[in-house]
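Just below sit the structures, each encoded as structure tokens.
There are two complexes below, and they share chain A, which is joined by chain B in the first and by chain C in the second.
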Partner chain A sequence: MKYPRTFTIVLMDAPFEASRTATALRVIDAAVRRGFAINVFAYEGAVLLPFSHQQPHANLVHGRDAEEEDHPLPREWIAGLMGLAAKRGTALHWINCGLCVDERGAGEAIDGVQRGTPADLWKLASASDNTLIVATA
Partner chain B sequence: MQELYIVETRDAVDHTEPARMAELAAGMSRIGVPATLFLAENGAFAARLGHQCPLDEALAAGVQVAVDGFALDERGIGADQLRDGISVEGVEGIVDALERGATVMWR
Partner chain C sequence: MKHLNIVSSAYRATIEEQDDTVVWISHAMRNAGAGMDMLLRGAAVNYCVRDQKVGPVTIGGRAQKHAPDVHGQVRDFCSDVSKVYVVREDLDERAIDHRSLLQEVEFVDRNELPALLSGYDQVWHW
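Now for the complex of A and B:
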């Protein structure tokens, strides 16, 4: 399928550690809502963003159970963005760096996440209208 | 380079690099390359009124400076507390820059 315009976004930060992940996902959300197709190449700790075993937890300090705490999970945000892209007639392609996945034992990811190599990043960037690298601080 | 768009996420008090990024944007603007600084996350602190900071030089050089409204809200910073010349935008500005073909640096 041919999409009108495509951006490739490169993510590096692990989940639950840096606010830049949430900011980057906000950018993806804004782009998808405008009909852009998005390729994400996740490497290093970012391969754990769509890790399927992320679980919400209670907050005993504040006396809240898991449901009340409503702990946000990056895997749910990413699945939501993929669903939003499908509804908008575009796509969010997510590729995890395979080397980084193996290092971290992060092979179990949500549906739609593919395994790739840095060569895929080169291909994606070459075929995209623009590329944004969100490296760790 | 047809346009430079810098997303600055670091606090200019905690880090020295935001000043370098402001200098880079100012330099590009002076040689005729449109340059924008978008202040996100802790980068938003630099948008507040206060003592002299690198943003002043960038603004004087013609750099467009915008701050993420989401970051302002998170930090309890009101629009009336901002330096003159700084606009409040959303991350849609980053999408606009990518669409224009700008070189976008995320710092």
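Now for the complex of A and C:
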């Protein structure tokens, strides 16, 4: 079977709100490991996924301090995926919807995140083998 | 390249956003040159009911005067280059009178969807 080589994925959910996001990031991880180039267009709450001020916290219910809890942060997953893509000789392009960023004051994102518009989504999708929409329910 | 946006979630954050965000992004991409049609299914079929109105909303003393006009968004999306389809059975399940709908939309039966979808390069289900 011949696999397509470039996917565009649209994410909509805000971080820490829906399991769809973790699943989508796992799909991206698997795709990058197979050499696929991935474009992500983060729309609405998803622009906060790479927000650089996300912080881990302790969890008293779990009885663990912040270090023991090792709380997962989407910004770290995304940075890891970008690094993995570079090592695999492919690319993960992450574009945040600019208006969505402004609404949420989410301008401070990790390195590698670009600001864009719906026109960028259109261009990415047109240049991709397929597009997956992971919409908010 | 021709795309079909399928909208099923309805009135998602329309007060905060002053529009439906999927209808909005469909407009924005079409204005950027995208070939794009729209299919309304599920609860979103209500978007094509005429004469919808949203009154001003006041929360904490802050009045929001520019209410969302999703119905108007859908009407304005219909054009020579962009069609809006609505699933007939989803209207009927909700007892929505077909005579109350925007004249610009086109009805499609569920059993016609495979043929319709196969006419597009990409189909996006929001």
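The working rule: the second predicted complex is superposed on the first by the 133 of 137 C-alpha atoms of A that agree within 3 Å, B and C clash if a C-alpha of one lies under 4 Å from a C-alpha of the other, contacts with A are read in each partner's own complex, and residues count from 1 in each chain.
Following the convention adopted for this analysis, contacts are C-beta pairs under 8 Å (C-beta built on N, C-alpha and C of every residue); 3 or more make two chains touch, one makes a residue touch a chain.
The structure displayed is predicted, hence computed values, not measured ones.
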item: First, second, both or neither for A:V27, with chain B first and chain C second; value: first
item: Touched partner set for A:N130, first chain B, second chain C, both or neither; value: both
item: Partner chain in contact with A:S19 - chain B first, chain C second, else both or neither; value: first
item: Touching partner for A:Y43 - first (chain B), second (chain C), both, neither; value: second
item: Which of chain B and chain C A:R5 touches, first, second, both or neither; value: first
item: Residues of chain A that lie at the interface with chain B and also at the interface with chain C; value: 130, 133, 135, 137
item: Of chain C, residues touching chain A in the complex; value: 1, 3, 9, 12-13, 21-22, 25, 28-29, 32-34, 122, 124-126
item: Chain A contact footprint on chain B (complex, rising order); value: 9-10, 40-41, 68, 70, 90-92, 94-95, 98-99, 101-102, 104, 106
item: Complex contacts: residues of chain A adjacent to chain B; value: 5, 7, 19-20, 23-24, 26-27, 30-31, 34, 36, 129-130, 132-135, 137
item: Residue numbers on chain A that touch chain C, as the complex places them; value: 10, 12, 43-44, 117-119, 121-122, 125-126, 130-131, 133, 135-137
